[in-house]
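Naming follows writing order (A, B, C and D), and every chain is counted from residue 1.
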Amino acid sequence: MPQTCLSIRRVLAIQVSVVGSGSEHEERAEAVGRLLAERGATVITGGRGEVMAAAARGAKSAGGTTIGILPTETRDGLNEWIDHVVVTGIGHARNLAVVASGDAVIAVGGRYGTLAEIGFALTLGRTVVVLEPGWEVEGTQRAQTPEEAVEFAFAAARHTPVT
Amino acid sequence: MPQTCLSIRRVLAIQVSVVGSGSEHEERAEAVGRLLAERGATVITGGRGEVMAAAARGAKSAGGTTIGILPTETRDGLNEWIDHVVVTGIGHARNLAVVASGDAVIAVGGRYGTLAEIGFALTLGRTVVVLEPGWEVEGTQRAQTPEEAVEFAFAAARHTPVT
Amino acid sequence: MPQTCLSIRRVLAIQVSVVGSGSEHEERAEAVGRLLAERGATVITGGRGEVMAAAARGAKSAGGTTIGILPTETRDGLNEWIDHVVVTGIGHARNLAVVASGDAVIAVGGRYGTLAEIGFALTLGRTVVVLEPGWEVEGTQRAQTPEEAVEFAFAAARHTPVT
Amino acid sequence: MPQTCLSIRRVLAIQVSVVGSGSEHEERAEAVGRLLAERGATVITGGRGEVMAAAARGAKSAGGTTIGILPTETRDGLNEWIDHVVVTGIGHARNLAVVASGDAVIAVGGRYGTLAEIGFALTLGRTVVVLEPGWEVEGTQRAQTPEEAVEFAFAAARHTPVT
C-alpha cells in the first residue's frame, strides 16, 4: 500500500494590525482588539499606550495573542498586554513593520504617525479599515463600528492574504 | 591686547526635501528644484524618477547641489541629476530619512508613499508645504505656485531650523 | 481591613534570539531551539532558512513559540515553523530588530549577516553566546554544546534582563 | 550623415565610507579623510565624533566634500565638518546606510558598531579595508598606513563600482 505523504503547511493565524492614538478612542480600540481575538486573529500593535494598549488589552480579555513592535532599543514603554515584544531600535520607521505585519490594518483615531502608517499600508497593498471618525484617505475602507471594522479586516485578510 | 577667539560654527546650507510622484507634476517639481537651488538650498529627494528626478534636474539647471536617498541596496534606479547618493537598503523606511533630512519639506503630487512622508515629516515637526493640488492634510501649508512653495519652505527653515 | 491592591505586572516569557546560517549547522540549531522551548523561552529568528528554520523547527518540536522577523515586505521565504511573523520591509536592517528583541542571543554558524548581528547585539548590551565553532568576537560567551549555549543564555536573561 | 547620439551619464564622484571610533585613532582617520579628498572622493561617515569627525575634518582640510548620516531624528551631535547631513531617525540601523553608500569602506579603529558595519558591508559585497590595527575579519583587506588604505579603497571602487 503506497504511503500517502502529506505536506501540511502550517497555517498562521490571521494577523491584524491595529494602529492609532488618542485616549478618547481607547474604548473602541479595546472592542476592536477583543473582537479580533474572539475570531482568532493575532493582534499586532506598536506596543505602547492609548489605542495600542487598549487594543492589546481587549485581545487579552478574549484570550487572544498580542505582538508589540516597539520603536526603541529597549522594552521601555511596553504596555502590559503584550505577549511577544519586538524591539526594533529604528524609531518611527517601525511603523512600516507594524502595518506590513498585518493581513489587514485597522486604524482607530490617530495623528500623524497613524497617517504614515496608513500611507505605508496602502503602498504595500494592505487593506486599511478606518474606524470612523478618523483620517479620510482615498483607498481606505470606512467602518462605523468596531464590529464592522473587524468584519472588513477579516474579509480582506481572506480575499487578499499577505504572501 | 587680548586675542579674540571666535568659534565659528560652519553653517550648513539650508536643506529642503522635495517629495512626491506622478509624471504630470514633473514640470512644477522642476521649477521647485530650480528655485530652491537659486536661493542656495540643497535639494534632498528619494533619488528616483518622476517628481524626484524633476526636482533634482531643476536644481542642477541652476547649479545647485542634490542628494538622493535611495531605498535599495545598490544605486540602481538613481536618476542622473544626483550629486551625492545615499544608499539606505531599508526600503520604504527610507522615506523617514528623506523628510527628516530637510529643514522643510515640499510635496508635489504624490501617492501613498508621499502620504507616509507627510505623516512622518509632521510627526517630526518639520514644516510641510503642499504644492496644490496635492494631499490635503491638516497641519500642512498650501502653496499655489512653485515660487510660493519655495518661499514658505525658506521661511520655515529660517524660523524653525532643524537642530 | 485595608484592601491589598496588588499591581501584578504580567511577565513576558524569556525571549532568546537565535541567529546564524549554514546548512551544516542546522542540527545544532535545532537542538538549541528545542532546548530553549523546553525551558519556556520564546525563540526569535530572522524567519527564513537554514539555522533560522532549524531553530524554529526545534522549538516547535518541543511545543514552544516562535517569532520570525523578516527583511522583506511580504511573507515570502518564511519558514513553516514560525507562529508569528513580523514583516519589517527594511532589508538587512531587520538584523537589528532580531537581536534587540532577545533577552540574549545565541549565534550558530553564520556569515557576515551574523557578524552584523553580533556587532549590534553587543552594541545594545545583549549577551551573545557563540556556539563553537563560530565567529570569534571579544565580548561574546563561548559554548561547546547546545545545552551550554542555552544555559548561558538563560543565565544572562536572568541577570541582565532587557527592560 | 548619421546623427551620433551620445548618452552621457553624469559620473558621480567616488564615495568612500569611513567608519570606526576611538579617540586614539583620530590622527590616522584625519589622514584617511584628507587623502580621500585629495584624490577626489566624497567622504561618507556617520556624522558624529572621534573617527567620524576626524575623517570629515581631514577631507575638509583638502577641500573635499563630506556627507554625515546620523542615527537621530535631529542634527544633534553632528560634527562641524559635514557639508550635507542625512538625518535617518533609525538609530543603529543607519550603519547599513553608511556602508551601503560607499563604493568602498575604510575602517579605522572601532568597537561593536564598527563590527556591525563591517558585517553589513561584506554582506552587500562592498570592499572593506581595515587600517591596522583593527577588527580582524576574514574577507577584509588589511592596510598598514592611511595611504595604503586609500589606495586599496580606490582600487576597489574602480574594479567593482557600486551600481
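Rule of thumb we're sticking to: a contact is a pair of C-beta atoms (placed from the backbone, for glycine too) under 8 Å apart; a residue touches a chain by one contact, two chains touch by 3 or more.
Since the structure is predicted, the reported quantities are computational estimates derived from the model, not experimental observations.
Participant: More C-beta pairs touching across which pair, B-D or A-B?
Facilitator: Higher C-beta contact count between the two pairs: B-D.
Participant: If you take the mean of the Cα atoms for each chain, which one ends up farthest from chain B?
Facilitator: C
Participant: Rounded to a whole Å, what is the gap between the Cα centroids of chain B and chain D?
Facilitator: Going by mean C-alpha positions, chain B sits 24 Å from chain D.
Participant: So what's the Cα centroid distance for chain A and chain B, whole Å?
Facilitator: Distance between chain centres, rounded to whole Å: 31 Å.
Participant: Residues of chain D that touch two or more other chains: which are they?
Facilitator: 73, 89-93, 96, 124
Participant: Using the touch definition up top, name the residues of chain A that touch chain D in the complex.
Facilitator: So the residues of chain A touching chain D come out as 73, 89-93.
Participant: Residue numbers of chain C touching chain D in their complex, please.
Facilitator: Going through chain C, the ones touching chain D are 90-93, 96, 111-120, 122-124, 137, 139.
Participant: Within the complex, which stretch of chain C touches chain A?
Facilitator: 9-10, 12-13, 15, 42, 44, 65, 67, 69, 73-76, 80-90, 93, 96-97, 100-101, 124, 162-163
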